[in-house]
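After this come two complexes, each holding subunit A, first together with subunit B and then together with subunit C.
Up next is the complex of A and B:
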């Protein structure tokens, strides 16, 4: 009895006392890792003054501005701008401010160079779009201030670099002049502004930069017209192309006169057919023209003649000119030669002379060089050395100095498109005895230390030792499968067409692969990742592999490309350029004898193609022929269609793997009142443990669990913009739950005065969605649960417990069961970037919603808070069931942020993967940063926690044994005494 | 300091605001031409002052101000001021993202009919704001605080309870037995013996032989 009582108390206590999902500060980094990236670098400015640490300031395609340490490539500071806030240019002013121009030339910001604090922000207005240009002249200084010239939106602005005040503005849009170039004249405070009006009128303005006074204005017409970029070859000459793209036009505007000079490309001995383009560069007396697949360096001779200096293939990259010591200029040329990259630094204007020539070995997985920036430094012998910052095709950033790669950054990981996971290889058998003995000693020592830690007796060295032991003992970075399924490979596909395998233990890159590009397809788009082969039962010798599906071109009719990648070795097994397109890819729930998953590719003619193309696959497919259904969402037309397979393709070429389809049903939303903004379905691999839910009244509710459920949200077209663009009266949000086999609308609900964006997650029998309520002006989250009414009479709990219910009776997707829904809505404080739900191996563990908030944090919210049965005064029975009293808003508990005090900047997606251990789920959040952690939504009830003190357990057992003997002796004595009495 | 302006020169207005805020009044400035309205305000963080600029303690560099769920993102100046330009009339939502602090989103009404009129209210507490000065509702502690070691925590732990129970049985039970009437106790013992319920003495080998 007593033992039972103890067990009961223990159970009760353990369920109460263990803190909910939260972390102690010293546990950071045990189960999680965080990596910071910046993205593909667009601009780079070096800051290498003698004092202070050398740094380079970069802006990237992910709208990041960052200051990097030139020695190691680490991030000093970094800011992620808004999604629409694309950086147009960066520079350094006054030697202490980083100036950025962004948002199509409308926002100018200054950041403090040492710490990245924003100093000022200025908004530039203008009426018309024009090329945004940022110029920070070095010589335009008044007292301690210096001018920043910005040409954007048809205007030229002069901005003070101290406080961002706009000193003067000159509007060129009024004269319909589109500014092409702002040129600073040496040794004077005058600037030239040149531009076109229309396509043939050339304008040159001479302006006093100090006050914006117009000194001179010249204009001239050129009959041929202008097109494309201009290349400035000297302070008063520029080169551009005429509209036929076959004539180079040299425009000189010196001495207040504009003169045109035409040079046929064919006169330079070049074939001008094809795509001719002038590349923007800042070399003096020289410019680059790209013709088809080669590049020409053309020089302007002293007699104003053009001559070809050099001809290279199009993979060669040229840097901007760098001015070093006493006005000397240099630029870098990077050429590819096999596995090597040749970097040549040449003095300006002199092609045949080389300042530096280096050749570095380059990993071919990095692809081609895309950009190069150079910087000089003084060697110890007072000569000039050069370092080059190279941006590669795979978005990585390398610093090259003295023929060596000093550091590199894998910045493709800032632009993850798709993620999947792969198991690691199984560990080979065999453990040595010595190892066990050694580890036993270590184990004891470790536990002694841990005990010290728990008793708060540990010295700082001990604490450090405990941390080190914890990190080591977890064996989290081993390259083999573990018992709990915590170690996995995260296979990520990035915008750079590069696939990385990250180890889930510490986030290191195990392998990376730049996807092979074929002749026909040099820039595939719309890449996606699918599990192709995940061997577990049979075919254990096969390595798992993933399928990458891409599109060769922009339009949806473009042919698809397939690529198969082995996830253990990172080798591309195979790749195909298909003849048909792929607008939709459907992994089927069938695998063949080698555990290759069958996939269907839907092309733009609504035909489906079966992969892999084997006879076995086709025989499996033929068996399931009539059971294959899918849907397509055409958001632009407001149509959702259901499809089924009809017959084999009837074409001239007999293709066994091609099938015609038919439309089974379609739902057409009225275009004038509803616009589809979100469509979410259940995760295909989700596991549901039980179909029934026993309520407190001993009642059974049957969950309506269907894999074919689709959640669709539509909004009023007027309210499809941002918040603030629509009135509550003209905004509504309609949500639907649709069965994708029959096209039946199971549930429809209208939220008046609500608008998007909608983020939703569908799991088991419930859907949770987040939207904006315009009336309350707050975000809301709604939950809808669906229950099957047709089985409601089957209510006997006893039968359910004994397994004598009819739940095992086959369920047909064609049946139309009666369903009921329960809904409830709560306020939620933050904007949301992504929503996901935890998933566990068997679906027993309760669920948590993972909400990526606007602050780039990930919040774990118990599903219990989003229970439609919450009421203001729950009965005692309901309380016991775990129903929380109703509140109008969802709680935000700081300890339940899974990212704790870290940010996943630019958060885009959250992936959850079940571990083998039922209580645990693995979470990977990605954006510009990556974050990975392990979560136990109902705590780790099936394993001991990491900080479980075995030593204390041993101590207790010893104490108990001792107590038994003591009591034994005592009781014997007592009995003896009693007998004597 | 809520201000709504139809302005061209933002910065000058910003300085006017700065000046007017000293007189502590809500400002409403509207100027002639321009496209759209602007909202400017200030975020107050504890420990952030004008002096904080440049020092590592200045946390303002890690704060983002987000308009309408991501339409625009801006950053704080060293003194905590921010502004959004080129906004349409209507009701907007401003959120402050700062690690370590919980800020309520703010609803800001920009009136087209009365240019220069602005209304701001915290959506969490529904409190109206006279000036657009945003302060954190609370600090966020992301980590559980490790309790210092105490005897009580050891006692409260399951093991401690087990030990406690054992001690009670060992030391208190005999005391209780002693207080019992010897007659009654004998009867109870007899009863137990007749029922054959194993006593503690029976369980321990050697002790049961009496």
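Up next is the complex of A and C:
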């Protein structure tokens, strides 16, 4: 008996080992994928050494500096600078350092070219803002050092390229000169610095670059005034526009004399009305002027006359000049022609001659060419070949060489605005027998290998084969729905106005679509994605579709654009340019007979517009008319307002789908003491399993579960800046929980000495928020749980058994439920970029917080750590319930990083989507990089693990059956022998 | 009981009966000793068998009482095991609890069978049966109590509300910070 007990106890103990969420090394990449991007390229510098790997160094609009392989487009190294550290210029110095100027010209860094290590960093100070300019002359050398000239913040700095030491500084801001260009004179150590003082005074300084000594200073006034960019035509001549933007001014500063020459644009035979601007370029003897929607190439003749060389439409793009072999120059012109793109490389100054002319087929989903960079190489026959790096409208980067696209990168994925998911098509019946047999054979083979692995019989090759099978499982990248709901399409909207559908299995792009640009709208911007139609019950024949809400322009008054995109095919079904604007989009919890979701668009006049515009939609809406509310958070004015639908719009044009609203309530925060910095509401599609929380004493607490709950955080206006800008005494953080129907403040709490930024997540009946505590000099996380006190009386078992309760009856916010809250606060080590919470299909599985840390990783933190019922010495019953003893800070367990060893550079958002399997949730983290994985917060209690050996199970069953048969035969024989005896 | 039977029945191979049961005095030469009456011996014989029967009945009833009290030992044993198993839900405690529930139930089902051998017109089995049933019911109660301590009985409000879905809301609201 005792032995049995001990054995049973041991068995029990071994079955309840501490659950860990970490991965084994060989599980990496099984259900997660990671993709690296760089963003839209702004500058590119080629580095083609004669030996070694050829590479191009680029800087992008996502503040990324990267070195790319010219052969395949892979990233050698990459650095993501901070969100405010915008790259102004890059160049290569000494042939081994990449020099970057960033943060509005205040930070100069040198990176080692082969491996991207930072070599030095210099901070350049200045008093005034000016155009940041970076100049790395090749011939200004002192011993082994060479100079870097940086003009920024009103000063000119000369920096040593070996150690970043500032050799000399000249302040032009003191003379109120705004530097426009820094020009290096050929073959000398003298530089020219030209700039304006005011709008009409032109200054030219001649400076010895070696010591910063001023050699000469000329100034002259031009009555017309200057505006816009300057174009350097030669080392002593530049061209700019006068304030009327109709006269081109040629400024020459030869021989210590400044001369102006005016050329009226109309004299060049051009209509100068409209938008005229000089485009920055570095062509010798030539410059580009953009007038309305065409571009002019204008040449400065030897007699200092201007003449139009060529006129092209605005879609044509010109590269900077490239110096190749003995001072020869070349530049590339890229023109569009139908589905093709023509690339011509022309020698400098000679428009009519072509060095290379190529025409390549271009996918029209890539849009127009935005930028082109060229580079030359020596062919085997010693002639010069050219390759072009092209940046397209959809932010993709292509390398073109010999009329072919060598590689391309979809870098729009670095700038995701919004993400939603879509189901895949249902698997069709009727799979061919041969395929089944083949897959059965494969299946058996795979399982035999796995079995070998389990029994430790596998050779190293087998192990590699097993790993390859696991990683390249065709199951996970199939284009059909699976039973567990793991395979989905991630629909992402990017800043490039391109929509991508990524397969959740391996992250590949299934389709991409550059949104159609209508004639009426010149600069559309995209805002958000919504699930428009998700057929599941009826209307199964329809394809699911998403709604893309955009805006024509950037102001909130700009008219809205709606696009509907089929998520199976990636085709734009429809597109509307609306007459009204859209400041809010509300997906309603109602769908029509074709499973189209009803959406309300709120315009800037507080009118709401119903979509889809069908009579069925309006009848559904009218049934729920009085129960639909909306609220607006005006962060700038410190006002939160609640609105209700009033009546149909009154106007000249009768619009059945437009409704007026009226203000029901408003909460006005005192401007002098509170400033709204965060407003978070619950996810509309979140599923909650139960309304009761059972405590260890079998007591019941009723959760206050309302979707109409808004969490608002306000800080003292003084403390709304960055951390450290305010004293703890004058900083406070006030958090509110507001009912958005009635405007009732359910809960209010003040954290003294705390300040933002606040990141919060609201789920079920709790809110977790992250802020900075100035007194403790640490970040803190607080949790507040909300319980419904008015339901607390429902504790009579008999009544509950008989169903005599009103716990499931629909509730209204006007019934004024009484609530209680419980809060607790903990220290947290990291600062946070984003917070999300896992969501599962039925809401039964326990929750985890997903915290995007400052290190661009995603940390999974059990909600159990943020439980207001934690105490220092929990009772035995509480321990059994799973309450963790209270500690002052939240633990960061290295194994619980969801992103394991990877980084999601520039992390901006985390999306969680429930899978069909209750235990599992799908997580997609995006920033410059993308990361996707599958999480099971309470482990996969409802399915066998991926590496479960079915073959072993099968083998065991077969062996058992065989054993039974053999023993049966043996026993029969023995019995017979007994009987004969 | 089985043992007794064995001794009386199959234990002997042969027997000499010294008692002469013939009642006819003519076959005897010798007169009966004084004070001996043949009739009384006859009478005695019948009283002997009656006595025998009485003893058996006594014995049966005694045994029946013993059988009826047997679950008590079981009860003690079960109690000890339950105490050993503790109050947390795991394989061992569940196994013990269910065996504690199953044993009395199966015993109660077979009450008639258990007391079958002691069936006698002279023996009153009601008492032992009642005791047997009471003790088994006690065992059952112990099992149920154990089930309750394990928290497997829906006796709390929490057991009835934890599966209730959240109440639906009448109103719907949306909105937030305007789209940027």
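Details
Heads up, the rule we're going with is that the second predicted complex is superposed on the first by the 893 of 981 C-alpha atoms of A that agree within 3 Å, B and C clash if a C-alpha of one lies under 4 Å from a C-alpha of the other, contacts with A are read in each partner's own complex, and residues count from 1 in each chain.
What we mean here is this: contacts are C-beta pairs under 8 Å (C-beta built on N, C-alpha and C of every residue); 3 or more make two chains touch, one makes a residue touch a chain.
Quantities reported herein were computed from a predicted structural model and do not represent experimental measurements.
By the touch criterion stated above, A:632 is placed in contact with subunit C alone, subunit B being left untouched. Residue by residue along subunit A, subunit B and subunit C are tallied for touches, and B comes out ahead.
In the superposed model, A:971 makes contact with subunit B only, not with subunit C.
Of the two partner chains, subunit C is the only one touched by A:690; subunit B is not. In the superposition on chain A, contact of A:210 is made with neither subunit B nor subunit C. When the shared chain is aligned, subunit B comes close enough to touch A:901, but subunit C does not. When the two complexes are overlaid on their common chain A, residue A:122 makes contact with subunit B while staying clear of subunit C. Within the superposed three-chain model, A:700 lies in touch with subunit C and out of touch with subunit B [touch as defined at top]. In the superposed pair of complexes, A:197 makes contact with neither subunit B nor subunit C.
Subunit A residues in contact with subunit B (one complex) as well as with subunit C (other complex) are 9.
Residues 2, 6, 9-10, 13-14, 17, 19, 22-26, 28, 77, 79, 81-85, 106, 109, 112, 114-123, 125, 163-166, 454-456, 722-725, 727, 757, 772, 774, 776-779, 829-831, 833, 853-857, 889, 892, 894-895, 897, 900-901, 903, 952-953, 956, 959-960, 963-964, 967-968, 970-972, 974-975, 979 of subunit A touch subunit B in their complex. Listed in rising order, the residues of subunit B touching subunit A in the complex are 8-12, 34-35, 38, 53-54, 56, 58, 60-61, 64, 66, 68-78, 82-83, 85-88, 90-93, 95, 97-100, 102, 104-105, 107, 110, 123-124, 140-144, 146, 148-149, 156-159, 161-163, 165-166, 169-170, 174, 200-201, 204, 206-207, 210. Listed in rising order, the residues of subunit A touching subunit C in the complex are 5, 8-9, 11-12, 527-528, 549, 551, 556, 582-589, 600, 602, 624, 627-635, 642-643, 679, 681, 684, 688-692, 694, 698-700, 702-703, 705-708, 710, 740-741, 794-797, 800-801, 807-813, 880. Of all residues in subunit C, only 84, 88, 90-92, 95, 151, 154-180 touch subunit A in the complex they form.
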